[in-house]
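Reading through the structure tokens given below for one structure.
Just so it is clear, A, B, C, D and E label the chains in written order, and each chain counts residues from 1 on its own.
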Amino acid sequence: MKICVVVGHVWATKKEPALNGLKFMVVKDDKSGEEFAAADMVGAGIGEKVLIVNGSTARRAVGADERPVDAAIVGIIDTLEVEKETTSDK
Amino acid sequence: MKICVVVGHVWATKKEPALNGLKFMVVKDDKSGEEFAAADMVGAGIGEKVLIVNGSTARRAVGADERPVDAAIVGIIDTLEVEKETTSDK
Amino acid sequence: MKICVVVGHVWATKKEPALNGLKFMVVKDDKSGEEFAAADMVGAGIGEKVLIVNGSTARRAVGADERPVDAAIVGIIDTLEVEKETTSDK
Amino acid sequence: MKICVVVGHVWATKKEPALNGLKFMVVKDDKSGEEFAAADMVGAGIGEKVLIVNGSTARRAVGADERPVDAAIVGIIDTLEVEKETTSDK
Amino acid sequence: MKICVVVGHVWATKKEPALNGLKFMVVKDDKSGEEFAAADMVGAGIGEKVLIVNGSTARRAVGADERPVDAAIVGIIDTLEVEKETTSDK
């Protein structure tokens, strides 16, 4: 589960019909710098820290194996506690 | 879903028969610099920003689990809005 | 199986219902520097070295294919012996 | 689909019985520098540019889901046209 | 199929019951520097060059889809011939 920040939105009018109805956000993994699009399943907003699943697991998140999605936001992080540092996003 | 730019075409005459009929484009992830081939499902053109799926999800995009494809273009990006910067490709 | 160290906890109140009941830890791969969240299946604690599985295999670890989990802690490492160096975590 | 060059051969006498009969080549992704072994399904030769599939898709390429193969050569590239540069391998 | 060298052993007493009976080795990809644990299916020893499969393919190698394994050693490399250089491990 990647720990990312939501940094933007992405719109595609011309797309696979099976993607209709999904909202795509741009997310960024602060550790690796990696940036990609993910289907939002939890109503995440810009600036929020989120949990991401990739690969076939993203299809489980969208609840339909035939939808061509390989990244999905599955949780909004309230608190992230790493070693001696504690970060609250609330 | 990788956010890539279409940068080229690739042709292979000698290939797995199950790949016949697919069009392969070369795409580049500007963030990571990564460049690879992807089956085009949406009629993307050179220079367009696109959404890419990888892995088993690409087989869902081509609609046939037995076709050996692990990357597919599933959407043409109209607008990409990242933080305070907005980019329109229209 | 990634060899990681448990470095923290992560909490998400708003999440996919299928994630309820799972405990998520932050783990770090010391070799690559990569840091991500993983569902803990073995009661791992901060500072312990653990074995991680990713992708569809993490769904096997949580025992339910429809749960959107793509990383899981599946073992606590007692001893890690690498070439001429031996490290015991006991 | 990774775009690689065939750079070598690899032989393993002691191996999983389900790998018998497959030919393994060493391939290199010139962009990333990554080098790995792939089962050759198309009769590729040293120095040829090829299309590679990875992961579960490689098992589709070898036509048997139970064979433990996660990389396969599925096409020999004739022409690779990237932006203003055109490369013909014929 | 990653080309790795076996560099160590790893033991985990507290682990998912489905991992019982498997032997885990530490392997290193010399090209990328990546180091991880893999279930040994072929009796590989320290210092040997091996073929590794990752992801769902590793579950095919261990012969049981429900075992949470995402890396497995499936062959011991005898000879690795890369371009003008030939390396024999025999």
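Simple rule for what comes next: a contact is a pair of C-beta atoms (placed from the backbone, for glycine too) under 8 Å apart; a residue touches a chain by one contact, two chains touch by 3 or more.
None of these values were measured; they are calculated from a predicted model.
Participant: Would you pick out the chains that touch subunit A and also touch subunit D?
Facilitator: Looking at subunit D and subunit A together, the chains touching each of them are B.
Participant: When the C-alpha atoms of subunit D and subunit E are each averaged to a single point, how far apart are the two points in Å?
Facilitator: Chain centroid spacing, subunit D to subunit E, equals 20 Å.
Participant: With centres defined as the mean C-alpha position, give me the subunit C-subunit D separation in Å.
Facilitator: Comparing mean C-alpha positions, subunit D is 32 Å from subunit C.
Participant: Using the touch rule from the top of the page, what residues of subunit D touch 2 or more other chains?
Facilitator: Those would be 55-56, 58.
Participant: Could you tell me which shape the graph of touching chains takes: line, ring, star, complete or other?
Facilitator: ring
Participant: Since the chains close into one ring, what order do they take if you set off from subunit A toward subunit B?
Facilitator: Traversing the ring with subunit A first and subunit B second gives A, B, D, E, C.
Participant: Going by the contact rule at the top, pick out the subunit B residues touching subunit D in the complex.
Facilitator: Within the complex, subunit B contacts subunit D at residues 7-16, 18-19, 24, 26, 33-39, 46, 55-56, 58-59, 65-71.
Participant: For the complex, which residues does subunit B have touching subunit A?
Facilitator: The contact residues of subunit B facing subunit A are 1-3, 31-32, 41-43, 51, 53-58, 60-61, 72, 74-83.
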